[in-house]
Amino acid sequence: MIATLGEILLRLTPQDNGMIQQMGTYHANFGGSEANVAISLANFKVPTRFISALPDNDLGKAASFELSKYKVDTHHIPMNGNKMGLYFVQQGSSIRKSKVIYDRENSSFAKLKPTGLDWNRVFVGVDWFHWSGITPALSDNCAKVCLEAVKRASDAGITISTDLNYRSTLWKYGKTPYDIMPELLERTTLMLGDPRSLETMTGIPNPFKGDIKEQLDKLPDYYDLVFKKFPNLKYISTSLRTIINDTHHKWMGVIYDGTKLYQSKEYDLYPLIDRVGGGDAFMAGLIYGVVKYDDPQRTIDFATAASGIKHTISGDFNLVSVDDVQDLLESGVGNISR
Amino acid sequence: MIATLGEILLRLTPQDNGMIQQMGTYHANFGGSEANVAISLANFKVPTRFISALPDNDLGKAASFELSKYKVDTHHIPMNGNKMGLYFVQQGSSIRKSKVIYDRENSSFAKLKPTGLDWNRVFVGVDWFHWSGITPALSDNCAKVCLEAVKRASDAGITISTDLNYRSTLWKYGKTPYDIMPELLERTTLMLGDPRSLETMTGIPNPFKGDIKEQLDKLPDYYDLVFKKFPNLKYISTSLRTIINDTHHKWMGVIYDGTKLYQSKEYDLYPLIDRVGGGDAFMAGLIYGVVKYDDPQRTIDFATAASGIKHTISGDFNLVSVDDVQDLLESGVGNISR
Amino acid sequence: MIATLGEILLRLTPQDNGMIQQMGTYHANFGGSEANVAISLANFKVPTRFISALPDNDLGKAASFELSKYKVDTHHIPMNGNKMGLYFVQQGSSIRKSKVIYDRENSSFAKLKPTGLDWNRVFVGVDWFHWSGITPALSDNCAKVCLEAVKRASDAGITISTDLNYRSTLWKYGKTPYDIMPELLERTTLMLGDPRSLETMTGIPNPFKGDIKEQLDKLPDYYDLVFKKFPNLKYISTSLRTIINDTHHKWMGVIYDGTKLYQSKEYDLYPLIDRVGGGDAFMAGLIYGVVKYDDPQRTIDFATAASGIKHTISGDFNLVSVDDVQDLLESGVGNISR
Amino acid sequence: MIATLGEILLRLTPQDNGMIQQMGTYHANFGGSEANVAISLANFKVPTRFISALPDNDLGKAASFELSKYKVDTHHIPMNGNKMGLYFVQQGSSIRKSKVIYDRENSSFAKLKPTGLDWNRVFVGVDWFHWSGITPALSDNCAKVCLEAVKRASDAGITISTDLNYRSTLWKYGKTPYDIMPELLERTTLMLGDPRSLETMTGIPNPFKGDIKEQLDKLPDYYDLVFKKFPNLKYISTSLRTIINDTHHKWMGVIYDGTKLYQSKEYDLYPLIDRVGGGDAFMAGLIYGVVKYDDPQRTIDFATAASGIKHTISGDFNLVSVDDVQDLLESGVGNISR
Amino acid sequence: MIATLGEILLRLTPQDNGMIQQMGTYHANFGGSEANVAISLANFKVPTRFISALPDNDLGKAASFELSKYKVDTHHIPMNGNKMGLYFVQQGSSIRKSKVIYDRENSSFAKLKPTGLDWNRVFVGVDWFHWSGITPALSDNCAKVCLEAVKRASDAGITISTDLNYRSTLWKYGKTPYDIMPELLERTTLMLGDPRSLETMTGIPNPFKGDIKEQLDKLPDYYDLVFKKFPNLKYISTSLRTIINDTHHKWMGVIYDGTKLYQSKEYDLYPLIDRVGGGDAFMAGLIYGVVKYDDPQRTIDFATAASGIKHTISGDFNLVSVDDVQDLLESGVGNISR
Amino acid sequence: MIATLGEILLRLTPQDNGMIQQMGTYHANFGGSEANVAISLANFKVPTRFISALPDNDLGKAASFELSKYKVDTHHIPMNGNKMGLYFVQQGSSIRKSKVIYDRENSSFAKLKPTGLDWNRVFVGVDWFHWSGITPALSDNCAKVCLEAVKRASDAGITISTDLNYRSTLWKYGKTPYDIMPELLERTTLMLGDPRSLETMTGIPNPFKGDIKEQLDKLPDYYDLVFKKFPNLKYISTSLRTIINDTHHKWMGVIYDGTKLYQSKEYDLYPLIDRVGGGDAFMAGLIYGVVKYDDPQRTIDFATAASGIKHTISGDFNLVSVDDVQDLLESGVGNISR
């Protein structure tokens, strides 16, 4: 079973690519980096657990229902407090950029303390644990919960993966990423991180000025420095997104195993339906690949294809099955299936 | 010009009487007691101003647009911070109760301080000022802003009205209504308050155990005590809502001028479309009546009819015109107008 | 085959009982008294034809499609000009009245002249012709078309029915009903008309001051005067609507055959979904009854039940079948059918 | 854990009380008597399992997700074949009746054979088993699966409940209820059945001609005959629905324990939002009451209140919690909760 | 008059490119290859008749209404049985493929027997008859109905067209296309068929391995073999679809008259709105062209342009007029017309 | 303050790119060239006034509310008559063209006479006045109102801008553009006009046969002739739209100051969401640029970028802020902002 730890948020999205100021009706669903990873893995038929906290009200209940729907285990989500974290997504189009407004401060999860979880049971049956850089960025409490989880998972011999997920608008509670992340990352085996985030969060100087995609041959040298600093690491990966416009992206991924940089095909994604959660779908694909294939090339191909399709699905969650991904990998974009 | 002070909130309502846990789509609009009063008065063609604070983001902008739409002056709404107060309304039906979840702590308005408003300009051109018991219930800051406003308005010779609007789920910042309200109420001329709220907020013992409607003849005695405590008072009024079920209410109003209790007709409201804001529409009707008619019977008739219609309009705002209200008062519920 | 003559209009209705000023989305469908009669009869499996005029654009095409959908013959609808008649329906609720805004002046139908129809073919195969008092109220052209139709139908031995349908907001082109209607009504066999409309349109003084329903015994005396003035008449009928509120009506019908007043059961209609077209459904039921049953009691029972159900169907059209009506007449409102 | 056996169907409902022939958009969700019981119990926080069969396609997957969402165990739902059972619900209003069109023949569940389930695991952990008269009515296969389940549950000492759920439009595969039901019912402890269904399904002559509610004192005598025929029985219950019109029902329940007839309060349900699943919610309430309270009065009060609220919730499922039901029982229909 | 024979199905499409498992709301409309051809021709102002069978319920009625709406004659559609054929369309986007789930077994049409139609009247007034390879693929009954129709049409001197429409997921009742199709095709004058379908259905070996578009010069040789086997043939045509991704296709057509291969312009279709029915729109365009123009180049230009526009219209039906097609052919994609 | 004069119309747009004949639901909002300019400027935080006329009904009220929402002053919009101008927009897609149907004849604005405005107050506080060639094209009244406005503005020393906005389907009241426009244009300082419109409206022969974009070097010579004829002119500008298909345009702009032609970047707009109002957004950008920057290059860059983004926003209005435009100019289409 794979466990992920993080916050799941209510997501409010104006219908039909509308702007927030146009009001009208909003789609209400849920999302959050680590929940997205869990749900995508569950859709790949991998048993998953989501560790979190939710408010004790109908919004919290709805979030829990949504996780259960996708067969994610919700037994380790204490329900306390009354503030659901939420965010508004204003989807752009063409030359108009998408925008997100977060409203997650003081949420039930942000107030979760290490004592709020039953550590004796949280990791029972778990053999892979995933966390992201968003959790320690939320609050001092959350950073402590994350550290406790990482230590306990590590002690229990559980493999650990991390998505650096650097967001400059978080980290507002007085700590910098560099204060917190290096210790957390020590136990990570599979890391998702682009050079810029790596520099910010680990302090290893980032040699890339321009477009990384054009200098991929330099990436192994930089990743070697990361491997050196974090000897438990087996893989570092990053997705490479080229933004033609808000509705048209190019998408590929690379993974480095300390020896060689493996590179996927690049997908031309247009029209994009929903890019939020694309990186999380990539993370889920990486974990799936590492667990199932033990082959970096198959892993990066799988992760990139799976997350590519995610961009065509509305909502944060990747709803595709392993068969859907294999079909794209083997047959390309084929004709309507009927 | 009539100015009201308070918070306007984003309101999220599941479509088609849905439950929050059913998700899907939510109507997004705005509401808040004092904004509702201002907008209802604006729809009666009375010049109005709304004094408040909003976050400096697209949600705050949308709220400001919504007020402007109804010709409410928004020049005294500083835009600071990033937290929009919001609430979720789960509309009930028949024997299923409606429910509201608030998420307004730490909002831009809750953090507004007296220094955040330009007092030299806030009341320019204003001859009536309205506030409600919600504002001092939100935060220590808000109580101070409210007191400052009441004092300045009073000093400027502005008539003051107050809706007690007691909400037990607010007042969480350490003060009780009784700590705050008596001082605030000293300058009020027109008060909307049922005996239970009056007792809680002013400490004057409430003599009513059962249904007030059945003991209306006792109400003047109680209200006399209130008049005694607050010598600036000219009118106390209360609406009387009888809940048959969540979709069927009976609705009437009374007003006391220190001498006589004037009573409106009782309306049979079924099916109710949206009761949120019904009390605010009543308040707006009272203010309109006192300003325009100087006749307690006409005032209470107008206020009750206007707010009765409000219950048939979705959203917090009363969108009816004075003509619409007169038509109901004069002709009753007539045939389709074509 | 039954032919009806009149205007079909685009109907725009704000969704979810919204008010026009709330904008958002509007349902777009079609309606118009005589088209409603034709479609209701077609749903009773009676062959029907609609005689009209439509603009030569996509709105006209859509209107024609809508009539065809219900198997109404559209071959006698010339498509000229560019103005679709339209109307906005603001549906009320409870104590809030419904409102209609018409925008039909200068429409293709209002400009239709007698030369615009192919009179040699219009009535081929027709044995019943229906018109209403709306058509001559629209324009001088329309009054002439109506008169031409009535004369030709009469000359061809076709039975004629008329719904007086008095609307004070029409008749704006310089003629009064009394200038036009008496000549038109001379050939009518089945007339739908309440005393007030009869007085306005025929000049026969209306003896009813209060509620007709309470003085039904006096109705035959008045109707006898009408029979006297219009010797071709066989039946006069009227529906009796009691408005409790905008969502709750009581509904019954009476028919007089010159001898006896037959009276239907009274239906309690709540909640009403859409009352527009209710009278037209009643008219269609009368025609159906007269044609099929030759029994005034069965006719008035059928017409009242059929039009009662119409009030529960959104849009102008009565979509029920004869079986649906029979089921209500025989079993009352029964359990869900599954 | 409570297990229920039956078919879950895709339900398609035209939006906004529309008629099927109006097309447009349909709400797509799921329902089915025994699934409804399981989900209602899960919402009461009772662990539940649903035993069924679903097609191996995206519709089957969606049905499984929907069950999981409400924390119902779906491990015993083999996914085979390609035909999802489905039904269309045309919701009526006022004097227009609701209608259901079923399309469930040859579905994956109708083709399920006793060998299709893993009987060694189906009842592990289960202490209550519920089935309804719909399953044996679907096909010969289903009748056999039902019998197998009843025998195995009984042999394992599991308490059994049954909702007779007689539907005359089913039972089309050559067997009559009387061929099948008596054997199946032998092991039932709690039975939901009105006298008419009991007569049809068990052959015990039904003494009731008119309205049962008016002759409740005669019910024990009849039920005594049922107790005699089925000695394992402990309770027979029935709901009593009085249909004022399609949007207005009265609703009460009774339960008989072999000694005394316990009777709930009668609820006035208007406006009804969705009556489909109301009986299943009552069944779930009965099971909950019997399991938790061991008090027939509390049981019938709980079941009737819970299922009363269900009628105000769109979709088949009862989404209320035990607290919601208690609140109605203790406080009646109260004011908006905020 | 042009008659087409086939099944019309209820089509259910999740809104907003949603996935079936996301549920919510589905668009409900109708489609089916031969009905699509009839409706497209009717929109070109050609009189058309649809020969079929529908269930005797509200779904069947709605389907009949939909055909009538577009002025298609529905007098030869017996209404029997209770199973509406239906299908679900999950629209893809970009690199996610569209998917269709059919549920049409045992439908009223699949059970239609040759004795179910009134052959003496079916072809009265008809001068062109169109069928497709879907009908004989549905059931033994349907194959017999199709053969009867082809023989009778042929005997009556009616021109026959056929769309091979090979679907591997049909043909499940024990016969292969090769058992049935050759005899049916003997009387066809205009055939729509790509080489792969031709090989499967007629047994004439398909010489094309790769992309047909790149080897168009070889197509006449292959089509000559088809002409040889079916001497009544005058034209074979095929559309050529290049799938860039699910939202972006290229589209052209060719037609062979036994002498020369005529080729249309290629259209770049992005974004696609709905590709289902694109081939049927092409077929309708071919029939229109052959009937009206007697010029293979104009025919193929018209058919390709008309069906190209179809891809931008939601639903199966091509709603464009001849003028719309001419405008595209003459002016290209021009500016907004206002 | 910038004042604009013109008509605001109700805009009805079928949802989801539907065709008018598909009916269903229509978005209801507002638009009109000069109102669009005012609202776009208001969104750039420029004080604006809209001078117009509206019907005295709920549609007129809704239009006034919409203008107020965006902080546009509505005090100079008399409310008379009962005909709201309106238009239907059928949005195309890919190779299907968009279509507009206007219904604005005899509207309240078309009937506005010079005496209908309070000229002593209309221009108080105004320093820029904008009108477009649509107004004098509507009716003789409107041409007179326009001339009166231009003269009074000019006399008051107000700067005047004009968008030629030539529409061949207007000008139906007996005057040609050349009869009216030259006199009106004499006082214009900033003119938006492509060569073709300039020729039609001013009579200066248009030298451009093919694509203007390919002959931009010739444009100054032509514009010099215009400067010569209208000596008050300081700038002529035009946008250059290249239509790839209905969903994909290229967009750039040029401005000439009598000396040099300044040229913006060209934007690739796909997918387009709503092109209606794109030119008005460009006009607003020009005015903003001229007022704020006094730099033709910055002006044309700003106007083109602002109006480019408009094409991605549904409805006529440009809702972007100056910051949004600057962000596009400085950073290009960047990543999601969160």
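For reference, chains read A, B, C, D, E and F in written order, and residue numbers begin at 1 within each chain.
We take it that contacts are C-beta pairs under 8 Å (C-beta built on N, C-alpha and C of every residue); 3 or more make two chains touch, one makes a residue touch a chain.
Worth saying up front: this structure is predicted, and the values here are computed from it rather than measured.
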If a chain touches chain B and chain E alike, it appears here: A, C, D, F
Copies chain E and chain D - interface residue numbers shared by over half, same or different: same
Chain whose mean Cα position lies farthest from chain F: D
Contact-richer chain pair [C-E vs C-F]: C-F
Separation of mean Cα positions, chain C and chain A [Å, integer]: 62
Separation of chain A from chain D, taking each centre as the mean of its C-alpha atoms, in whole Å: 42
Separation of mean Cα positions, chain F and chain E [Å, integer]: 45
Shared interface positions of chain E, touching two or more other chains: 16, 19, 21, 24, 65-66, 99, 271
Category of the chain touch graph - line, ring, star, complete, other: other
Interchain contacts, given as pairs of chains that touch: A-B, A-D, A-E, A-F, B-C, B-D, B-F, C-D, C-E, C-F, D-E, E-F
Complex contact set, residues of chain C against chain E: 65-66, 68-71
Residue ranges of chain C in contact with chain F within the complex: 12, 14-15, 19-21, 23-29, 57-59, 61-62, 65-66, 82-84, 86, 88, 90, 99, 101, 103, 105-106
Residues of chain D that touch chain C when the two form their complex: 16-19, 21-22, 92-100, 102, 167, 169, 241, 243-248, 271, 275-276
Chain D partner contacts - residues on chain C that touch it in the complex: 16, 267-273, 308-309, 311-315, 319-320, 324, 327-328, 333-338
